[in-house]
Amino acid sequence: MKQGRVITFGEVMMRLSPPGFAKFSQATNLELAYGGGEANVAMSLAYLGMQAAHVTRFPDNIIGRSATQFLRQHWLDTSWVLYGGELMGKYFLEKGAVHRSSQVVYERDGSAFAKIQSEMIDWKAVFKDADWFHWTGITPAISEGALACCAEAIKTANEMGIMVSADIHSRKNLWNYGKTQQEVMPELVAGCDIVLASRQDIAEIFGIDVEAEKDGKFQSAAQALMDKCPRVKKIFDKKRETISASHNSIQGKVWNGKRYLKTDTLDVTHIVDRVGTGDAFAAGLIYGLLSYQDDFQALKFATAACALKHTVEGDVNMVSRENVVDLMEGNTSGKIIR
Amino acid sequence: MKQGRVITFGEVMMRLSPPGFAKFSQATNLELAYGGGEANVAMSLAYLGMQAAHVTRFPDNIIGRSATQFLRQHWLDTSWVLYGGELMGKYFLEKGAVHRSSQVVYERDGSAFAKIQSEMIDWKAVFKDADWFHWTGITPAISEGALACCAEAIKTANEMGIMVSADIHSRKNLWNYGKTQQEVMPELVAGCDIVLASRQDIAEIFGIDVEAEKDGKFQSAAQALMDKCPRVKKIFDKKRETISASHNSIQGKVWNGKRYLKTDTLDVTHIVDRVGTGDAFAAGLIYGLLSYQDDFQALKFATAACALKHTVEGDVNMVSRENVVDLMEGNTSGKIIR
Amino acid sequence: MKQGRVITFGEVMMRLSPPGFAKFSQATNLELAYGGGEANVAMSLAYLGMQAAHVTRFPDNIIGRSATQFLRQHWLDTSWVLYGGELMGKYFLEKGAVHRSSQVVYERDGSAFAKIQSEMIDWKAVFKDADWFHWTGITPAISEGALACCAEAIKTANEMGIMVSADIHSRKNLWNYGKTQQEVMPELVAGCDIVLASRQDIAEIFGIDVEAEKDGKFQSAAQALMDKCPRVKKIFDKKRETISASHNSIQGKVWNGKRYLKTDTLDVTHIVDRVGTGDAFAAGLIYGLLSYQDDFQALKFATAACALKHTVEGDVNMVSRENVVDLMEGNTSGKIIR
Amino acid sequence: MKQGRVITFGEVMMRLSPPGFAKFSQATNLELAYGGGEANVAMSLAYLGMQAAHVTRFPDNIIGRSATQFLRQHWLDTSWVLYGGELMGKYFLEKGAVHRSSQVVYERDGSAFAKIQSEMIDWKAVFKDADWFHWTGITPAISEGALACCAEAIKTANEMGIMVSADIHSRKNLWNYGKTQQEVMPELVAGCDIVLASRQDIAEIFGIDVEAEKDGKFQSAAQALMDKCPRVKKIFDKKRETISASHNSIQGKVWNGKRYLKTDTLDVTHIVDRVGTGDAFAAGLIYGLLSYQDDFQALKFATAACALKHTVEGDVNMVSRENVVDLMEGNTSGKIIR
Amino acid sequence: MKQGRVITFGEVMMRLSPPGFAKFSQATNLELAYGGGEANVAMSLAYLGMQAAHVTRFPDNIIGRSATQFLRQHWLDTSWVLYGGELMGKYFLEKGAVHRSSQVVYERDGSAFAKIQSEMIDWKAVFKDADWFHWTGITPAISEGALACCAEAIKTANEMGIMVSADIHSRKNLWNYGKTQQEVMPELVAGCDIVLASRQDIAEIFGIDVEAEKDGKFQSAAQALMDKCPRVKKIFDKKRETISASHNSIQGKVWNGKRYLKTDTLDVTHIVDRVGTGDAFAAGLIYGLLSYQDDFQALKFATAACALKHTVEGDVNMVSRENVVDLMEGNTSGKIIR
Amino acid sequence: MKQGRVITFGEVMMRLSPPGFAKFSQATNLELAYGGGEANVAMSLAYLGMQAAHVTRFPDNIIGRSATQFLRQHWLDTSWVLYGGELMGKYFLEKGAVHRSSQVVYERDGSAFAKIQSEMIDWKAVFKDADWFHWTGITPAISEGALACCAEAIKTANEMGIMVSADIHSRKNLWNYGKTQQEVMPELVAGCDIVLASRQDIAEIFGIDVEAEKDGKFQSAAQALMDKCPRVKKIFDKKRETISASHNSIQGKVWNGKRYLKTDTLDVTHIVDRVGTGDAFAAGLIYGLLSYQDDFQALKFATAACALKHTVEGDVNMVSRENVVDLMEGNTSGKIIR
């Protein structure tokens, strides 16, 4: 495989969760980690063996530095972490089981990252030696400054000939600084080569609502998006069936302008931690596309990586390339490795 | 919904259990909580949004006061907690999985509660502004004094026009102070409006053993009990199928003198904590009956509450009304709430 | 003793701290508690046996409700807790030892409490049956709204004949919403009966900088403040000698307009948790003044309570009246109680 | 049942594993236990009610003595534990789930046990009052000295008329001191009465590779081994289906020279700890053979014991005879025992 | 040293304590251990290298068996543990610091041990091969049955020529079954060779209250007791100065009928766990008397052992002979041993 | 200050220790960290704000990679970590208190690092852009290969004009591969600019045993060493007084060929973790020498850094430059920083 270098950009939050299946009503200590959609992709890629750097901003205190240390521990290059502002973004996670939903409470208003400004980052320097830039729809939703940085990053990446991927799964309740995703996202997506989105996301963000036979809806919507944004070459999605909070199944799909491909379904029967599974899919996809000359192989790799993440605690998919390939090739047995 | 006020009465024990699936043979620390059938009902009702007070007795020391603090933390009004005696009732819980049973060891002989005396409680004062009194068959089994208090409470509630419910699931090995449930229970049940009991309980306690077609047995027994105790208007039960220690299924049923109603079965595939699920059913029932004008809706609410409790650690069903309604209306997916 | 009822008002923060002496750089879980200057006073009073209610505002989510549950667990009446806003105030605590300082990072900007508004609280209702109102200089420093609520509370308490005490130890770096403590505090202090302040606080806030013989400075400053604010009858302070982060000594002092009294020094040689020791002093003082007809006894009680808090984990002084009296009467041996 | 006395011999390793499903990449503390194939059999037998002593060698320091204390805690007679050497054998266990494999890393080269010498053990004294000696194929794979001790033990047991059983499941990557299992094992197995081995083990170790109809393969191989080693009377095996790391099923089988018997399959749907399940099978078998006059009963007992171990944390099958009999008789419900 | 064998007899309680310096008011888990004055002596002796067996009685359930496993883990011979009865004796320990006292709450009424009967123990068999029997004044205080067993044990030991020692530090609030220590103890003490008691104990139990010069009081009282009980040859005591809960100092003293000897004072400046330090003194004494031909050496050994126990968590003095000798010889530096 | 870049070389071990003051005899989980004399220096320097890279070798498995992650988390550049071999070096630490010594057990024979070979490291590449190389006397004691690497590193550093410092505190019991420190060390020390050693070290390693007035011994020995090794310009040492395992005092001293300087003594009255304090001194020294033009300032900085380390858990001195400067300037109060 090409040993690529990937850059990601976005907020990293302190993650605080009661141990096991405990609820906040009964917790006296919280497990501490850090995570965020884009950094999760970078860390997961690092575990697969790639070089990855994450660009973000933390408060300049013991909390912010501990967040950087977490990224370093999980193999990231943190040379481009900025310090300033006062609040650390946070999310509280109460883990559910069976019929009881997991519950997430965000506290990210006014965070160090939300106050980021375009001039703080020299993207030309950041992208030196990079092969890929990945962003998500969360970042432009956070603040005017975060949007400006993101737009600048995409523009610079395009100029420098670096691949751009985006995970644009819609989170409409995040947009509260005055702009809407419909106003902002199309221009950003236009600068992307690879997009992760569902039919519903495409409908909501681009107003593309196709009417077609059941199985064809995704590919029609994807093609319509590609017609609007000609740089976009492939659109990936995963279908998740939520049997319960403890049992999901995952299937990958892609429309690459020519073919609509779907993987087999992977059945995750005993979920350990559901958070970050979408990011694991994105990381698997980037890794797969850089490693295989074949969209279907890449998609299978991404789907297997996603399934494995459900069994790993925390936001990060701490599995190796070998682990993913083994599952991708059909070994679902989870036999002890000695 | 009517914002009701519920009073419960019974022993609260210290609950000590090794973490996770560990056994006492290997434990070096124990998780500490407090619980008891009736207080569990009260705390679960409080999480659903009702006012609830629990009447009990603890030793007058740091252990007894910590028990009160636990009830307060879980929203109870503890104005009527009494202090005296020397021993805190206790139960040890070793959590099982799959074919391995959970194991419970009780130590409640001679507890502060067992030494309660009738004259210690002014039920008229306790029941001021109350709408409902709930008790279980455990309380009269503990001691002569506990029985006397319980009888007095029922009598007072009847006089004051307060609804009375009882969960009389038979625990015959508890009765060791000289009386039997057959001697004692019928008179107590006669003062109740709502009863929770299985056909076997009715057979064992009242000597009513009906012979009828399979599905009709419960309703025949229930009707026979209602014939004996005309105040009783409705008899509820839940059918539990124990596939394994990790997997149970639950179905609610009721005979209200006119109709025999059964809910759909809820399949709990990954049990977190089995203890207190019957109390969650009782709490759901009280809440449901106070909220809906419909026995079937109340039963569905109770069954959903019961299913959810299997996924909550400890004795208390720390779920909200919204959680229960969501499941009751058929959303079994446990999707993340953000 | 008169069984009094005390009302406190102020922000309660989530307290997150690495276990033991660990640093954030190495922590993977955090101990969770809640605390704030005024609520700490109320909870400490409750452990001494008084009734206490705290008025504050939390976000209306699982975090805010858990904060309320913490106050309930530690015996407070939480009838007057308000819900709304989005952020929970927070503080991070890294515990030091010997020459290494403890470090506290606050995150309270834009918290639910900071957004409180005057009209949200009906102080007449809150103060029904109350004997005492206590506030601190932190509250008016937080926001315009918090200041307005505090001013209204003092005014109402004065009208209703309720004793008012204030701990005005200066925290000048808190004042960042446009007003200064010099502008705001004098008027608020004018409504107080009892004040806790050092000579430096009086100098900084009121511009009263006395020049006098070493020992007389405090009493001169205190008298000058009392001249400006005739309602104030007594000014208390404690002298803390910080030998190291593990070893402090404490001495109480008071100027009551007639006499300047000082207690013996209590030497705390093995500090467990330094946070909340000032609040323990304030609580001890309120309790002492309500219990004894003697300023010196009250001061001794406060000083002993303060010393004991250094050995209790968390913000709250979870000691009983008996514990304090025992130390106050000179038993410093800490012998096992069986 | 005959209250027998069993002797086992082999290395005991320190077991270090991150809590729950955590990975080493994120662990800051490790759960500590001790285990090893043969000692696990002995400890499991002790929980079933037998007397058991384990012979092994530990470094003469606080670590080695703690290992002995672990064996004592789990009921073993440790009179024959030797001290010397410098390294404690170790294994690191990262627990998997669903498609993610558990991972084991061994560090046993040059351990105190690997340096054991034949003359260190007086087997005549060890076997006084013993009824059974059990060893596994791991021991002769460790070192020349371990092999010599094992050979001496078997010879002595044969001379003293003590039953000998061996679990010879092949671990070919262990053999790295210059000998192969093909050279060494046949002579050792020749001294055994009871053997646990699969068809593959027999093929690999003895070069016996039978070609027969699917179901007949095991019995043909077993008979061929018995033809070579006439002392061996019965060969047992279990068939494990690894649906995932969280879900296995187990079926016992035996060829006793006359009949090929298979138990029903036990389905372990929520695995807690997979390690030591083979040792639990062996222990169940020894207990069963000593308790029942019937190979099929013994096999059912072993299979039930094995299934239960999957739900117990650590290497040791801490279940009682009653627990096993209950499952063996078909009660798979795992109902709470009060 | 003579490798002696010591027998002890008495209740072993479950010990439950909040971690660190936490209070029950804030605890959600408790550290679990087992201890009791006499068993503590036996376990401490085992760590010093002696053989020791403890005789006691536990409930016949998972709790009682875990207690036995604790004794085995800490090297005791548990062949003489009896099973029966229903309650496990318990004590709750809240650890204090500086001026805050540790607090102990006992729950031992009606325990399995309290219901022990004289005929349950065959002391002749127990004392086979034994060199020493040790008991304390706690045992006869528990129940009529415990007293009878204790008296029988002393009588048998006397008959068999086994040394008898007793720690008779007075616990008068334990005596609540109808007898007093003044009635019971003198006859028991008459069968002892070695006694541990303070002047106050002797005064209280025997009514011997000497008036003498300060330093002479202990020896006068001791001699008076020896006059009453001629079998008693030596009386040991330790003087504890309780500077605070975190800082004690210890000095050993003995009257052996001829000389009054006192050790230097050992200053324990940072107490880890105060419980069991008296038992460590007794164990050190037995070990010292068996090892040295010199009362003063024995006393120095006991005092050093006692000082070390203050730094060990739990009831048991888990230190080696080398550790004690090192301190006894004046090395108080606690330098790292590599 | 010059923002320097420091390279260190040496073994990093897994550190396993029971929590708090627990002993291995009672531990069921161990705290996990990684450390080693030279890496501790590098990590401590990184916390002070310098760039630092560590050169070492780990097994190529999940354990070895976790060790690297630990170094990354604590800010090191791990580009030069090698993978290979099979065993991870280890040390077990049982923390003492007061008179009870901490105890360390090493297991490093045959570790991945011990098997390092000279040709594995390209020191020219490693030292690119470096300003300083630091090694200790532990490394050449480990194996022939480690010695060869160390010698090569010193030679290359000398050639490239990079400062070399060595901490040669004698650990004679480490040397067990056939060479002695007397044979090996002098040549290595000859390539150093700065040496940390006591008079005893110099005597033992170089056979220089000066007889002089008490205070002059260190400087005479130091000068004698400098006479033998003219490249060495300054010799530093610290005097530790071990009052107890909980209380040490530290004083720095230096002979720089012209003057003998000593700092004030810092009294560490409540030790949290004694391990790594010597490494903290070395790191402080390197930082001080690079930051100040004054040996005495550098020495004061080193001594303050060393004192602070005693209050930090683990091997690494996780304190900032500001923390050290504050103490170095005389602020010993450890007041809370808010």
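Order as written gives the chain letters A, B, C, D, E and F; numbering starts at 1 within each chain.
Everything that follows uses one rule, which is that a residue touches a chain if its C-beta (ideal position, glycine included) is under 8 Å from a C-beta of that chain, and two chains touch if they have at least 3 such contacts.
Source: prediction; values computed, not measured.
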item: Partner chains that chain B and chain C have in common; value: A, D, E, F
item: Same or different contact residues where chain B meets its copy chain A, judged by the half mark; value: different
item: Chain at maximum distance from chain C, centres defined as averaged CA atoms; value: D
item: Longest centre-to-centre distance from chain E, chain (CA-based); value: A
item: Centre distance in Å when chain E and chain F are each reduced to the mean of their C-alpha atoms; value: 45
item: Where chain C touches two or more other chains, by residue; value: 20, 23, 25-26, 28, 33, 69, 73-74, 103, 270
item: Chain D contact footprint on chain E (complex, rising order); value: 69-70, 72-75
item: Sites on chain A touched by chain D in the complex; value: 20, 33, 47, 73-74, 266, 268-272, 304, 307-308, 310-314, 318-319, 323, 327, 332-338
item: Partner chain C, residues of chain E touching it in the complex; value: 20-23, 25-26, 96-104, 106, 173, 242-247, 270, 274-275
item: Complex interface listing, chain C residues touching chain D; value: 26, 28
item: Of chain C, residues touching chain A in the complex; value: 16, 19, 23-25, 27-33, 61-63, 65-66, 69, 86-88, 92, 94, 103, 105, 107, 109-110
